[in-house]
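Please read the structure below before turning to the comments.
Think of it as A, B, C, D, E and F in the order they're written, each chain with its own count starting at 1.
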Amino acid sequence: MFFHENELQYPVEVEEPNPAFARMLQQAIGGVEGEIRVFSQYLFQGMNQPPENHEMRMLLYETAMEELGHVEMLATAVAKNLEGAPVGLREEMSQDSAVNAAMHGYLPRQFLSAGMGAMPINSQGEPFTMDHVYASGNPAADMYANVTAEATGRTLATRLWEMTDDPGMKDMLSYLIARDTMHQNQWLAALQALGDPDDAFDHLPVPDSFPQEEENQEFNYEFMSTTREERENPEQPWTTGDSVDSEGEFSFGRQPGGGEPNLPSPDPRTYNQPTNEE
Amino acid sequence: MFFHENELQYPVEVEEPNPAFARMLQQAIGGVEGEIRVFSQYLFQGMNQPPENHEMRMLLYETAMEELGHVEMLATAVAKNLEGAPVGLREEMSQDSAVNAAMHGYLPRQFLSAGMGAMPINSQGEPFTMDHVYASGNPAADMYANVTAEATGRTLATRLWEMTDDPGMKDMLSYLIARDTMHQNQWLAALQALGDPDDAFDHLPVPDSFPQEEENQEFNYEFMSTTREERENPEQPWTTGDSVDSEGEFSFGRQPGGGEPNLPSPDPRTYNQPTNEE
Amino acid sequence: MFFHENELQYPVEVEEPNPAFARMLQQAIGGVEGEIRVFSQYLFQGMNQPPENHEMRMLLYETAMEELGHVEMLATAVAKNLEGAPVGLREEMSQDSAVNAAMHGYLPRQFLSAGMGAMPINSQGEPFTMDHVYASGNPAADMYANVTAEATGRTLATRLWEMTDDPGMKDMLSYLIARDTMHQNQWLAALQALGDPDDAFDHLPVPDSFPQEEENQEFNYEFMSTTREERENPEQPWTTGDSVDSEGEFSFGRQPGGGEPNLPSPDPRTYNQPTNEE
Amino acid sequence: MFFHENELQYPVEVEEPNPAFARMLQQAIGGVEGEIRVFSQYLFQGMNQPPENHEMRMLLYETAMEELGHVEMLATAVAKNLEGAPVGLREEMSQDSAVNAAMHGYLPRQFLSAGMGAMPINSQGEPFTMDHVYASGNPAADMYANVTAEATGRTLATRLWEMTDDPGMKDMLSYLIARDTMHQNQWLAALQALGDPDDAFDHLPVPDSFPQEEENQEFNYEFMSTTREERENPEQPWTTGDSVDSEGEFSFGRQPGGGEPNLPSPDPRTYNQPTNEE
Amino acid sequence: MFFHENELQYPVEVEEPNPAFARMLQQAIGGVEGEIRVFSQYLFQGMNQPPENHEMRMLLYETAMEELGHVEMLATAVAKNLEGAPVGLREEMSQDSAVNAAMHGYLPRQFLSAGMGAMPINSQGEPFTMDHVYASGNPAADMYANVTAEATGRTLATRLWEMTDDPGMKDMLSYLIARDTMHQNQWLAALQALGDPDDAFDHLPVPDSFPQEEENQEFNYEFMSTTREERENPEQPWTTGDSVDSEGEFSFGRQPGGGEPNLPSPDPRTYNQPTNEE
Amino acid sequence: MFFHENELQYPVEVEEPNPAFARMLQQAIGGVEGEIRVFSQYLFQGMNQPPENHEMRMLLYETAMEELGHVEMLATAVAKNLEGAPVGLREEMSQDSAVNAAMHGYLPRQFLSAGMGAMPINSQGEPFTMDHVYASGNPAADMYANVTAEATGRTLATRLWEMTDDPGMKDMLSYLIARDTMHQNQWLAALQALGDPDDAFDHLPVPDSFPQEEENQEFNYEFMSTTREERENPEQPWTTGDSVDSEGEFSFGRQPGGGEPNLPSPDPRTYNQPTNEE
C-alpha cells in the first residue's frame, strides 16, 4: 500500500533555465539507466518476495519508494529548465544561434505532446519500456542487475554533472550521485548476505542451487579463445590461477567443435522451395 | 574481421523432437537472458575499446565469438525439435491431447513466418531488440552488466534443463551452463583487475574516476527508509557497519524532504487549459 | 515524496490456484487497459501541474498511489495463482488434458524469466511501454484520456470476472470494478469543474483556449460523408441538430476536394531514380 | 471496399519551405495524437461492428476515410516543406546559423531513409505502432477513446498553428482544427445516443451492462485519499455531492487495507536462491 | 482523397468457426507479411511521388486500396471464426481436450481487449509497427521491397491454406493467393519499365544513378569468402561468369584486411574508467 | 563456429572528426537499411538450411561474416568522428554556431549512455530490432528480401557519400557501395539458380511449389483498379501483355465485390454495450 506527501525528497532549484539540459535530464527519467527503471525493477522484485524473505522485501520496497521520489525530482527539474523556452520556429531561425540551439535543444514532443512538461521518455524521445525490468526470481541474479543499474545510473549522473554549470542542478546531481554510491553498496551488501559474508563471492556461480556436478566440468573454468589463429595463454587474471568463485582453476583453451549441424529437411507443406542443389 | 567454419562448437543432438521445447529454447536465443544479447553486448563493448585497452578488447572479442557459436547451437536445437511437428489445425483438435499440446506448443510464427526454423525471437514471440545491449564505455559498469547477463543466462539454462529429459538436450544445456559458470568468473576477474586485485571491491563506486568530494557526503552511505511510519534500524548488512567499498559507514535514516515543487506556470501558447482553481 | 506500508490495499485470496488465470491477470497489470498505465499516467499528469493547480495535483497524486496499490494486489494474485504450477514439459504431454492446458496456460517467461512471479507484461507477454502514458498538459484532454483508461479498464475487469469462479478472485475483481466506477465519475466531475459546472460540455472543444474564429468555420460542425456514392442525410444525432458543445449546428456534407498534390521533384542527390515516364 | 481519387481533400500550399516544420508535421502523421492513429482506430472499430449496428459502422467508416485523407494532406505538406533542404553536412556547419538550424531541423532519416519524403513516424523519428489503436468492442469505451484522440489531436494542431506563420500552413491547420471540433462533437453525440439522450451521462459507468450489484458497493463512489497523513475532505466536485452518473453519492475516505501479502514459497526448481533469512 | 462502400471486395464465408484459426489469420492482418503492411507501404510510396511520376503514383494508389480491402476481408474472417468461442477458463479445463485447445487457440487479448474482434496485431499478439514500411524514395529499391512483401505474403497465405479445411476459408485464401501472384508480377513489370524493358536487370545496381566509377571497382564483383581456411572457388553462379547486371564479371576472393582499428582514447569527462593495462 | 582477427576488413581513416557525421553513420549500423540487419538476416537464413542445401548455406555464412566486418568498420568510423566532440552545454550555446551545430549534431546518448562510442541504434537513436530479419524458409522469398536489403543499403550509402567530403570517409563508403553492388548481383544470381537459369523469372510466383490451379485463376493476372470512377486501361506494362512470370496475361479490371460483411452479434459476456439502433 502506498502514500505520498506534497514535498520533494530534496530541493530542486534551477538558476537559469536551459531547454537543452531539460532534454538531457530526460535520460535520467526514462532512459535505461534512469529512475523509472530502478523504481519498477525494485518494486517488481519486492512484490514477488515470499513472506520468509521479509527483510529482502523491505529492502526492495524502501528503495523503490526512494527512487520514485527521484523521478519526481527530475520531472520538476525538467519543467523548470523548460520555463520560457521559445515556441515559434521561423523567427528564431533567422536571428541568433544561441536561440536556435535552445530551440532545437529540447525535444519536439516536450512542446507538441506535453505542453512543456516532463515525459516518461529518454533524451532521444523513446518511451521507457518495462522490458528493461529485471526480476528473475533469483535474488543473486537480481542483486547483480541492481548493481548494474546503479553503476550505469551513477555514470549517467556524472556525465550530466559535467554538462551543466547551474548551481541548482549541480547540487541536485551531487545528491543523486551520492545516493547511487549508497545503492551500489547496499546491493553488494545484500549479495554478500546471500552466502558466507566473509567470502565476497560465496554466492557464485548464480544460481548456486544448481548441482555443479551436472554442469559439464571440462569446460566450466576454461577461457575459450576464438582468434582465427591459435595464440599463447596471455596470462591474464581470467586465463590462469584460481577462479573468482574459488570452485575451480582458470585454464586457456579452444572451442571443442561439434561437427556439422544436420538439420532436418523441410516439410513440403512449409513451401520452402528446394534450392535444386546436386 | 570475422570468420566461420561449418562445424558446431559442441554437438547438438535431439533424441525425440519436442515442438514445445523448441519454443522454450527460443528464450535462450532471442530473450533478454539469451545469446544474441551477450554476443551483441560483448561485441559493442569490444569495438569501442581504444588501443591502450588491448587485453580488454581481446577478452571481449574472444567471448563474443563463443556466444555467436551458442546462437548457432541453439538454432540447430530448435530446428531439430520442430522436426515432424503437425501443421494442420482442425484434425488434431478433435483427436488426442498430446498432439494438441504439441500443436499449440510451438509458436505460430515458427511455421507461418519461418517454415519451421529458428527465429531471433524469445519464447513469447517477441523479437530481440538491441536496446538491451549495455556498452556504457565505463568498463566497471560494463563488467557488472556482463555478470548480470551471465547470471540471468545461467538461471534460464538451469530452468530449461529442468523442463526436458531428452539426453541430447540435457548434454547441450550442461555444456552451456558450464560456460556461464566460466563467464561469470571471467568478468569478475576482469572487474578485480580494474582496481587493486587484493581488494574485491576496489573499483567502487562506479565510476570511481568521479571525485567523491563532489558527491553529497551527507547521504552517500545512509540507507533511506521510506516506510510510512518511522521504524528502528533493522541492523542489516546494509544499514550498519563498514560500507562494501570501504569508503564509508552505513547508517539508517529518512528522506530529507525538499519542499513543494514550484513548477513554472504554463506558457499560454501551449493551450494547457487553466483549471480555474481559486 | 513517497511512502509504503507492508499491507495490501484490499485482501487478495485465491482458493484454487489457476496458472491460466495468472496469465489473464497480467493484462490488468501490464496491458494498455491495466494498472501500471493508470498509475504512470496520473503520476506524470500530476508532476507537471503548476502550483496554482493545487487541487488538480492532489487529485492526481491521490489516485496514482491508489492505482500503484492495485498493481501490488494483482501481482500478489498472479503469484498465488501460479502456486504449484507444473514445470516439466514432456511428462504432462502424454498424460491428461487438464494438466496440459494448465501447462500451456501460463506464459513461458513467467517460469523462464521470472521463476513464477508477476511481470510488467500483458497477457500475451508484451512489456508495458510508457508510450501509452497520456499527459498532454491540457487538463481537459487529459481528463478524457483518464475516463478512457478507466472505461477500458472496467471493461477488462468485467471480462476477467466472467472468466473465473474462484470466490477470492471474484471478490478482488468486484472491488476493482467498484473503484473503476468511482474513477470514471471523478474524472468527469473534474472535467465539469473545468467549465461551467451546470453545462456538462462547457469545456469543449478541447483545447477551448484556442480562438474559434481562427478555425475554418465552414467545416467545424459538418459531418463529412465519404461513401463512394453520395447518400442522403441519415438524420443521426451527429448529422443534425445542435452540436454537443452548443457552439454550432450539425450538418451533413461531402469532402471539399483540394486539387492534385503537386509534390516538388526530387533533388538528384537523393538518388531517387526517375521512373522514365513520358 | 475502398476507393481513391487523385485529388486532395483540401488544398495544401506552402509559401516558403521550412524543413524544421516538416519535422514538426510528422507528429500529426505518425504521432500518437496523429492521423494514422485515428484512421486505424476508426477502421478497426468499424470493421468489428455486427450488422445490427449499421449506423455506428457507417459513422466509423465515413470518418476513417476522412482521416486517411488528412494523412495524405499532411504527407503532401511535409514533402513541400522539405523542398530545397540542404543535404551536405560540413559546409553548412562553418557558415551561418540559419542554414545550420535548417539542416538539423529535419530528421536524418527523412533524407537517409526516405529521400526527402514523408514517413509514418512522429516528430522524433519513432514509427507509429498499432498498439495505440483502441477498439475494445465496447462502444462507450471506444467513443471516449475517440474523443480523447480528437482532443489530443486538436491540442497538437493548435500547437503546430502557433509554430508557423506560413499562410498556406495556417490555412491547412485551420481546416484540420475545425474538423477536430466536429469530431469531438460527433463522438459525444454518439455517446449520448447510447443511453437516454436527455441524460448526458446515462451510458455510465462503462460498461453499463455489468450488474452494478456485483461490484463492491462500499467503495464505488468513495474518493480514496492516499496522502501520508489523513486530511480533511477538501470539498471538491469529486469528493462530495451526487456522482456524475447519478447512481451514487461521492464520499471521502482512506484505503481499506488488506493485510500482508502472503506469497507462496518458490518451487525449488525455479532456482530462486533462498535469502537465508532467519 | 478516399472513399468506401459497405461491401466486401470478395465473399468471406466461414462454415465452422475455429478460434485457433482466427489467431492464425491475424498474421495476415498485422504480421510483417500481412496486409496492413502492404497497404501502408504502397500508400506512403504513392504519396511521395512527384507529379511527373503520374503512372507510378496511380499504380501504387490503386493497389493500396485493394490491400485495404484485404484487411477488411481478413478482419471479417477473424470475427466469424471467433463466433461462439468459449469464454470461461475453469470449466473447460476439466472437460475435454478439443475445447481446451480451442480455448487456448485464440489470443487472450482477442477477448480481453477486443471483445472477440479482429486487432491490428500478428498471430503472436504483437501490434503492427510502421517501422516495416519501406518507402525509400528510390523506385527500384521500393519495387524490390514490394516484390519481397508479396513473396513473403504469398508464402504465408499458402501456409494458412494448408492449416484449414473450411471451404469458405480455402476459397478466400485461394483469392488472396491469386492476387499475390498478380502483385509479384506487376511490381516486376514496373521494375523492368524503370530501365530497358528488354533487359530484365537494366535498373541495377540500385541506385543506378550513382556514378559507378566512384565505387571501389576492385571489389564490386568479387565474392568475398570468409571461411576460416581459404577454400577453392566453388564455381557457383555468384563466383564466376558475367554479373547479373552485365556490368562486371564475378570473381572469388578474400577480405582485403584494413589494419587494427585505432580508436581515439576516451575523453576523461566521459568517466570511462581506464582498465589499468600496461 | 566463429572466429575473429584483430584487424579491420578495410582501412577506416577520418581526416577531420565530425560529430554530426558520426550520427549519420549510425543509420548504416543500426538502421533498417544497415549492416546489423544484413548480418543477422543472412545468419538466420544460413542457420536454417538443411544439409542438402550446402552451397546456399555457405553462400549465406560467407556473406554474413563479411557484413559483421562492415559493422566493425562503421563502429570504428563513428568513434573516430566523435573524437574531441564538445561535452558541455552552456558555454557553446552562447558562442558560435559551428560548435553549436556540432554539439547538437551527435545523439545525446552517444555521450550519456555510451561515453562517445558506437551504439546498435540508427541515426535517430532507435535501437535495432530483430523484427526486421527476414528468414521465411522459402529461399526465393528470402533472396528477394536480400536484394531489397542491399538496394536500400546501397541507396543509404550513396546518400552518406553525398553528405561528407572527408577523403577517408569517402574511401570507406566507396568500398561499401562496391560491396553492395556485388551483393545485389549475387543474390539475383542465386535467385536465377533456383529455377531455369536461362529464364530470369522461372522461380515465380513465390512460392512456386504451390499448385497454381488451387489459386483463383480469374484474378491472378488482373490489375485491379480502385479509382472512384472507372477509368480506361492505361496500357502500362502491368495492365497488358504477357505476365512477367510468363504464366499468364495481364488484364485490367475492377474489384469483384463480395457483399456486406455479416459479422456475428457479440456474446453478451464480452460486455460490448449494444448501440440501441433500430
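As a convention for this text, contacts are C-beta pairs under 8 Å (C-beta built on N, C-alpha and C of every residue); 3 or more make two chains touch, one makes a residue touch a chain.
Because the structure is a prediction, the values reported are computed rather than measured.
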Co-neighbours of chain F and chain E - touch as defined: A, B, C, D
Contacts common to chain C and chain D (chain labels): A, B, E, F
Chain whose average C-alpha position is farthest from chain A's own: E
Interface with more contacting C-beta pairs, comparing A-F to A-E: A-F
Chain pair equivalent in interface to E-F, over half of contacts matched, among B-D, A-B or A-D: A-B
Distance from the mean Cα position of chain E to that of chain B, given in whole angstrom: 30
CA centroid of chain C to CA centroid of chain F, Å: 33
Where chain F touches two or more other chains at once, by residue number: 1-9, 32-33, 47-48, 55, 58, 61-62, 65, 69, 72, 76, 79, 87, 97, 100, 104, 111, 113, 115-116, 124-126, 129, 131, 136-138, 140, 152, 155, 158-159, 162, 193, 206-207, 210, 226-228, 255, 257-258, 260-261, 263-264, 266, 269-272
Contact footprint of chain F on chain D as seen in their complex: 1-6, 47-56, 87-90, 92-94, 96-97, 100, 103-104, 107-109, 111-113, 115, 124-126, 136-140, 193-195, 203, 206-210
Complex interface listing, chain E residues touching chain D: 1-9, 30, 36, 40, 43-44, 47-48, 57-58, 61-62, 64-65, 68-69, 71-72, 75-76, 79, 113-121, 127-131, 133, 135-138
Chain D contact footprint on chain B (complex, rising order): 155, 158-159, 162, 228, 269-271
Complex contact set, residues of chain A against chain B: 3, 6-12, 32-33, 55, 58-59, 61-63, 65-66, 69, 72-73, 76, 79-80, 82-84, 87, 111, 115-116, 129, 131-132, 134, 136-138, 140-141, 144-145, 147-148, 150-152, 154-155, 158, 161, 171, 174-175, 177-182, 184-186, 188-190, 192-193, 197, 200-201, 204-207, 210, 212, 214-228, 234, 236-238, 243-245, 247-248, 250, 255-261, 263-264, 266-267, 269-272
Residue ranges of chain B touching chain C (in the complex, touch as defined): 18, 20-21, 23-24, 27, 31-33, 97-98, 100-102, 104-105, 122-126, 152, 155-156, 159-160, 162-166, 226-229, 255, 257-258, 260-266, 268, 270-277
